[in-house]
């Protein structure tokens, strides 16, 4: 469904991503793991169109989407849940959701979709008229995911969904991710919590210094020595 | 070292042009430098005056030039209505060989140009700057040409008194000599002749809003029967629009700067506004003939009396060069300073015995139904005119 | 007398608020202080004059003039700012200065350096009386129009999807784009709104001044800038608060300062602005912006 080929990203003189190749098949969860600064978020940003690629290619559904504007990529069905959630703090939960579904569908459909989201995230129904900035971290994460889902994407890019959340909230979020996959969504997950990521993912790609150092099924990686020593603290 | 390079180049340019000026300013040519506003707030005044001057010089050149001898080369540079820029372009004109300098319709830029021409003895004439302090501030090379502020103010005050006005409110702006002093001259004459100044207000030029001043006028315990101001465009339209918009119907009088097509085009809004002009074209008068000739020359009728005033500057210079019998700046200056009862287009013009602000008639005008109607023309009694 | 000055202050403040809001809307989205905002006003003023000269009825002329301001703003974005979109804030600022100077020269050379009189309809001069209290038609119109414009803008920003997206874009533009909402649409709408506000403000301005001239936009854009900074740059409620505050201070000083100190009015106003900024460096109502790593 998605393939990233020989992606290179530069911020001025700094090479954030030297070379990343990866593929995501329909219905899969692929985890992109690695240390801070390994180039995970930059890779997601390039897929979503927020970060320009210095070279390489991003192909979604057979179409080259490299260099497209973020809004164009979003309209093709790729939704990014950005790191740090980045919900609109001064807008209500309702408005946040409304924008998520704003242009992809007629108003009536968007309302049906919003209802579905409120079913899926009951907490958002409770705080429907509350400003996003007044929600707790976990609630904001729910909102960020729900907002991304409003546009009925076929693929979701999740950037560090566990960041800054209390342990039981992390569980809730990951249960939800599993649930979304069961519903047929394709997910590319960036996560620093490698153990958690490998638990949920089908396959994983390990990045270090902007390059892929290891790739394979989640099971293989979980038992690899490199991953165990470097990321799982064993 | 780009700055040094630029300096070097500038010096080179100056040298080249200096040579050029010397070579073109042959015995039969005289350069008149016009440091005037093509753009900015003074442009509406400088441009018509300059058009009149240009017409006079074209006619004179056709007859052999100033004094029938010296073909005039008019060099015009834009001051952008900025005082500092006026000094800059005046210097450029001096460097180019100007023997006579023409300056904008306002005291401040005229003084800044005059400070450069005074040491060189170059006679300097303001197009329609009318502040009586102007000539004293510069020195003996500086000449006014238009009726001075205190002369105009005296004429308006005489008229107001004759109408039976008793109490005046003075609206001034400290931003220019004209807007600051003219209403005060009016106040002095008005009080001397039995009237009273019941209030004063100030504004900043370009000020968006006059409501506070207007409210103060409305709140005066002693109600004025006249408001006197020297505000001009675009402040005058703003003031009177807001004044009438606040329901105040007290008459407003001003001076020459509101005798413009813009103010006239305000229509009913300015009904009853009295202002001054350097002359009025009565049927059969020389001014009427001038207006016809100007219309032919410029393709449009004169907007005001600034055109004829500019034209008269040309005539004055012609007479002065004739009297001087040379193109020597000092001789020309002396000839202008001694001019007496010179027959211009609007009437007799006299410099002799004045502080280089001319004695000449003032026409009083009143807007009625979108037209400027002539009320009367008078030369105020010199004894009534307040000292600058 | 005091009530009268309060009305004056509200009337002037309302116009400043519209102007500051026009600057703030664009700034909140693209980070640009559009110093050519004043020339949008000038353009609307000339459009009003032209429409009246062509014999349009007054309401129609106002409609044409305001639309001209709005369309010119969109065109300005298209022609001058869109090619600079990825440029730095400084380059954008310089571009806006360039556009401003260019338009001034075009007005001066293409129309006239001299102010052109705009004869306002007669009903605009006069006053309503309530007992011995009178309120002029001019200030009343200013107040009513500013209030209606502020309400309409508020409704648009709250109720419509595009309005909501604009509020969101002020916080985090990238994420709005991630929602599939085109950047061009948001930016074009921001300029359209700022142009509408400039057009409306121009109508009120011209109604109070009865003339248009090439340099007409300079003072208002300066006031708008001050108001927007005092209110909190990029904050829309801040711009409104800043506009009213500036109007109130100016009228108050004009009404009360003795003549000897009056020339220092602007200096005093600006000192007040500095004092406000010392106490509240982010302005009265700071803009919400996401902290990004």
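Read from first to last, the chains carry the letters A, B and C; within each, the first residue is number 1.
Basically, a contact is a pair of C-beta atoms (placed from the backbone, for glycine too) under 8 Å apart; a residue touches a chain by one contact, two chains touch by 3 or more.
This structure is a prediction, so every number in the text was calculated from the model and none was measured.
Student: Using the touch definition from the top, list the chains contacting both chain B and chain C.
Tutor: none
Student: Find the most central chain, measuring centrality by the gap between its CA centroid and the centroid of all protein CA atoms shown.
Tutor: Central by C-alpha mean position: chain C.
Student: What's the chain with its C-alpha centre farthest out from chain C?
Tutor: Taking each chain's C-alpha mean as its centre, the farthest from chain C is A.
Student: Go ahead and name the chain pair joined by the largest number of contacting C-beta pairs.
Tutor: Here the largest contact count links B-C.
Student: Would you mind pulling out the distance in Å between where the CA atoms of chain B average out and where those of chain C do?
Tutor: Measuring from centre to centre gives 36 Å for this pair.
Student: Distance from the CA centroid of chain A to that of chain C, rounded to the nearest Å?
Tutor: Once rounded, the distance between the two centres reads 41 Å.
Student: Centroid of chain A to centroid of chain B, CA atoms only: how many Å?
Tutor: Once rounded, the distance between the two centres reads 74 Å.
Student: Quick one: which bits of chain C touch chain A in the complex? Just the residue numbers, please.
Tutor: 161, 164-165, 167-168, 171-172, 174-183, 288, 290, 292-293
Student: List the residues on chain B that touch chain C in their complex, please.
Tutor: 38-41, 43-44, 47, 174, 200-202, 204, 206-209, 211-213, 215-216, 218-219, 233-234, 237-238, 240-242, 244-247, 260-269
Student: Which of the residues in chain C come into contact with chain B in the complex?
Tutor: 1, 4-5, 8, 11-12, 15, 108, 113-117, 119-120, 122, 124-127, 129, 134, 136-139, 205, 207-211, 213, 215-216, 218-220, 223, 247, 250-252, 254-255, 259, 262-263, 265-266
Student: Which bits of chain A are touching chain C when the two form their complex?
Tutor: 48-50, 69-71, 74-75, 79-80, 82, 84, 86, 88-91, 95-96, 98-100, 102-104, 133, 147-148, 151
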